[in-house]
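Common to both upcoming complexes is chain A, partnered first by chain B, then by chain C.
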Partner chain A sequence: MGLKTAFARLAAGAPARCFAIVGAGADEIAPWLRLDPELAIVDSPRAADVLLVLGRFNEDTLHAAAAVHDLVPPPRGVVSWSPGHEAARGLPFTDAVALSDPSEIGSAAVRLRDELLSGRRASSPDILPDVDPAPWRGVGPFGQGGAGMTGGVPYGRPLAGRANDRDGLKLDQILVRVGPFLPPFPPGLMLDVKIQGDVIQEVSMPAAALDDGSSVADEHHSSEAPGSTEAMTRFAAVQHDPFIAALMRPVPVADLELARARHHLAWLAEALRVSGLEAYGRRVLKLARTVRPEAAEPVDDLSRWLRRNLSLRWGTSGVGVVSASQAAALPGGPVARAAGDGRDVRSLDPAYQRLGFMPVVLEVGDALARWRLRVAEAQQALTLAKRSNGSVTTPSGLVEGLRGPMGARVSASTALVTMLPELLVGMEWGDAVTAVVSLDIDMAEAAVLHDVAAEGRAS
Partner chain B sequence: MNALGVVIAVVSVAFVAAAGVYVTAWIDLVLARAVAGLEVRPLDALIAPLRWAAATALKARTTTERPDAEAWALAPALLAALAAVGLAAVPLAPGLLAADVANGIVLFGAAMALVVVAVFLQGWSPNSPLPMIGGYRFIAQGLSYEIPLAVVLIAAALPARSLAIAPIVTSQEHLWNVVRQPLGLPLYLMAGLGLAFWGPLALPEGQDLAGGSSLETSGASLLLWRAAQLLVLVAVAAMGTAVFLGGWLGPLLPGAAWMILKTLFLLIPLIATRHFVARVPTERYVVVSWAILIPLSLLDVFAAGIQALMAAR
Partner chain C sequence: MHGIAAALAIFFVTLVGFLILRASERHIAPSKSTAPARVPFTGGRAPDTHAWNRYHVRYYPMSLLFLAFDMEMVFMYPWAVVFVDEGLIALIEMLMFIVILLFGILYTWRERALEWA
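== the complex of A and B ==
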């Protein structure tokens, strides 16, 4: 038995290390992958055995997905899944293992990894040509590309510029395209960031940043008007089922509030992971999956643990402060409530009024306030669900969703994405990531409602 | 030392290093499962690091666009070599150490000071922005841990009036340095976390950078890099044991057994920080280090100096 065979046999019992790229319609699946004992979700494609391609993608994100694929070191393979059994359509991964059942992702990834490492299956070949994106063409007639040049975009390649930093030192400024699949950021978020050291100097959004990504891989939806009721309903069916349902018909308060508690806890799990507490994040994710209104004590314990954890307070206090005026410009939601803006659609619903509902409101508006507010709202949601005793909501065309009011012309995610450039400039990279994570942006929600807004402007 | 002695020293350091890395990976895995609320199966966890290592070794070493290939290849080997040199300076028992030099504590400090070069090379070489930020961060945090580390080690050497490790251990026969210099060990361990870029001070490789300085690294290079990082942690715990916890001194058990037990006693809380303490922001850590940790370490060395002077009278 050769060394390679021995290693492959030894590796066979380990979880499959996967890098996940998440497109439209996969948000319900992706967060829970970390609970699958057969998977180890990694932050870098370089550390992965298998690329998980989940959901639908548009042309820009498909190109980015292909680029990520080529970053996975051989031997590599692809497992794909998309809602509605459309896994293979439009994707450039010709040898992908296409699944129709998301519960098979773990076992399929392990099987594929074992076949790849043992040599029983060929590694997935590169998709994109391995060529220089901006080949060197010598010094131009104006000296462009010459020695000592800084700034500009010679031959299509942005050069580092030079500028004074905050301490008055001259340092390089580098332009970096962030996303759409950089793990600490929401899937689909793309930003052009100018960094100096690790301080963010400028942030802008590429033209394709707000696009829900369903039109290319999903032919029968391509003729659908963006932002149409059909698109909203399709989005809702995958994303926030009970909340969109509540727009149109009475829905049990218990269903809405349990979904809210689970979402906030799952968000907290990811925030803890990004803060370096990966194992504790997994514990919280498990709690998010299993929590019930009648057994909410673990959430109270979690709240106490968070309050006592000085390191988390240190990392989030004063970071990404949303001012009262910025909060007022948001349509509402947890980010606004953490900054002192108490708007909450639930206050207007008779069912919630009978339960004595009062919105949780904090004043500071920083990342720490958003962490605390979501945990407090999760506790409150479980209490409401327990006490609701079969109460149902009254449809009014507006529902307090997970991130803000749904049914409004502009979603909270859209408003938050628009706010990012203003919020992030001047921050260190780590603080910027903490701030973005604490905003809980959903790019699919932002994209659909961005289309609605675009449609409104056009008309 | 003759040729045979050199071979024996190298083999023994390699053996201790491999065992230390393996035990560290195992403890980390057991702690991670316990904190995550998963069933802890210590025997399964025993083989898990080997499975990860095998799977990683079978992956190709990838490259990036126009990397500094030589420096990138060198970085993991440099980190491993520096950690091994640091470990070689630590005596396992009286007369049982690979690098029996008169200035052992200087050798350890010099090796650990160069860790900053290895981590910066790892971040800078791939020609990729997030690893580069990781490299920058380690430069930024470098002095903030190096100064307290060096100062508390000097303080620990003062009672022994020697820079060799063995006399520092024997100088603790009646009173360990952890009691004699109560500031020393906590400051040393905090600095050690920075040196090993671990837990709250994993700034160059944080999740906010999607892996940072090792984001672009794969295959055997990644395997060596991870092992080298764990080895730095082992070296920090072993040296901490020698200079603050009386090294091999202890009743009943052989000296080497005491050394291993005490090293584990320091290693476990160091590893556990990864699961209980969130990563701290770079700037805040640097401010705290210069405003609190470095002044405290200076206080520690002044107090140790006064104690040494009084003892000399």
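== the complex of A and C ==
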């Protein structure tokens, strides 16, 4: 017992290892958790002590959340937070520490971890039943033999099917159900990927793939009035988003552009982390939080460093090339602009025209081009914010958001998700991860715009 | 006779040590693997098939390349011994040898053997 106490005391000094599952309405919080010194965000629930449940979830994602919960090794605990002070509705975690203030997440996770390690609090029990999907039994009288390597159904699951590989061999092809909570893929993204070795041979999307956590509420839209309490709560949660606000009323250009620069830098921080440059990613994330239009030199330094970095160029050059025709099929946005398509809603706005706005356009369309374009756009956004001198936008029902044009019927993220199967087939797994991260997909975007449309009809 | 006694003693000490460790396992990490915890983590959805699968590892040309450079290292040990006496000639000879082997890398590169996919 003495040894255990000593270990618990040692562990109490370390940050709480947390795995975060992010639902709708939490994308404002989730990226910044990595800056919290009390938290160590890990990429697998198996490496975590505490499960962070942030935002709202629908039926499909709730089941996945329960499965992720059971993968966290005991003793484990759950910290949950949901936007708009609403209770974590329908969550299966009975003993979760529910917070109303997201700034308390770090201290709550550390406290919970300490209680778990010292035995003052019991581990959160399994949610799913402890039964294999099928008994492990072969064709022989003792359960031995049968097709495949072992015969039977190991751990209740049959062995993989066969398919041709590029050398004319017939080899096993396994179906990997990616998502909805597999970092660094965007939260909520679900893909059914067939891989042979680590080469992707087929990608499809499950029926619920384009849903996000909000669709529990979406289902009510048909029966309830658009201005229902539920829609209002969700709508209020995004009111502070300057891009949503710009859909309906004039907004200072400086606000929009600073938000854009911050978002692009935060995205870059995540992309750097995924590329293995975690410490540099954290520095960029700090920069994203503190950058001001008057002090944009660190962003220029960052851009220079990126241009010179050979290993990043090797990792991203030629990966996930979006062709000119694919770019034309997108509604616009950074991904299309990195592939030579210069459409940008800002070009039509009088305020931007007065500032002499010209969209940044690159030709290549690969992940490297998207990296460079976002950094160039962050620089441009800071310059625009600095020179805007209080000018405001003119609402036109369409605004150039972080990922492309946003409007009641337009969402760049939805178009990007639809493009994914075509883009990923034939890639190695590592390249596929780089490609998906470089697209910067937000699964919640479409649902939020749905709300704005509803709000527009109601008012 | 002493030898056998010593061997048996070592065997029994190891056996007892192993059994003690095995028995204390539960106390060190008091958790058991459950069915939901055995599922590979791919984002929260359960897989249809088991993860055991056969795939083309494509390591054959890579292993040939490894052998070539492994043998090169074997030649470098005696070379390092005589290097000080022989001087520049030895250096040039070793460089020629290494350059010839480098063609092997170029060949493997051209054959796409260094790519996994």
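Methods note: the second predicted complex is superposed on the first by the 390 of 459 C-alpha atoms of A that agree within 3 Å, B and C clash if a C-alpha of one lies under 4 Å from a C-alpha of the other, contacts with A are read in each partner's own complex, and residues count from 1 in each chain.
Note that in this section a residue touches a chain if its C-beta (ideal position, glycine included) is under 8 Å from a C-beta of that chain, and two chains touch if they have at least 3 such contacts.
If you're wondering where the values come from, they're calculated on a predicted model, not measured in any experiment.
Applying the stated clash criterion after superposition on chain A shows that chain B and chain C collide. Once chain A of one complex is fitted onto chain A of the other, the partner contacts of A:N309 are limited to chain B, with no touch recorded for chain C. When both complexes are overlaid on chain A, the residue A:G426 reaches chain C alone and has no touch with chain B.
In the superposition on chain A, contact is made by A:P129 with chain C only, not with chain B.
Contact with chain B, but none with chain C, is seen for A:G13 once the two complexes are overlaid on the shared chain.
Once the two complexes are laid over each other on the shared chain, residue contacts for A:Y155 go to chain C alone; chain B is not touched. In the superposition on chain A, A:T414 makes contact with neither chain B nor chain C. After overlaying the two complexes on the shared chain, residue contacts for A:S82 are found with neither chain B nor chain C. Of the two partner chains, chain B is the only one that A:A279 touches; chain C does not reach it. In the superposition on chain A, A:I174 makes contact with both chain B and chain C. The clashing stretch of chain B relative to chain C, chosen from 167-175, 185-193, 257-265 or 293-301, is 293-301 in the chain A superposition.
Residues 44, 46, 71, 73-74, 132-133, 174, 176, 182, 197-198, 428 of chain A lie at the contact with chain B in one complex and at the contact with chain C in the other. Interface residues of chain A facing chain B in the complex, by the touch rule stated above, are 4, 6-8, 10-14, 17, 43-44, 46-47, 49, 71, 73-75, 113, 117, 132-133, 174, 176, 182-184, 195, 197-198, 272-280, 282-283, 286, 309, 311-312, 314-315, 319, 428-431, 433-434. Of all the residues in chain A, the ones that touch chain C in their complex are 21, 44-46, 61, 63-65, 67-68, 70-71, 73-74, 126-133, 149-150, 153-161, 165, 167, 169, 171-182, 185, 190, 196-199, 426-428.
Touching chain A in their complex are the following residues of chain B: 31-33, 35-38, 47-48, 50-52, 54-55, 57-62, 65, 129, 133, 136-137, 199-200, 202-203, 206-211, 215-219, 222, 274-284.
Against chain A, the residues of chain C that register as touching in their complex are 31, 34-39, 41-58, 116-117.
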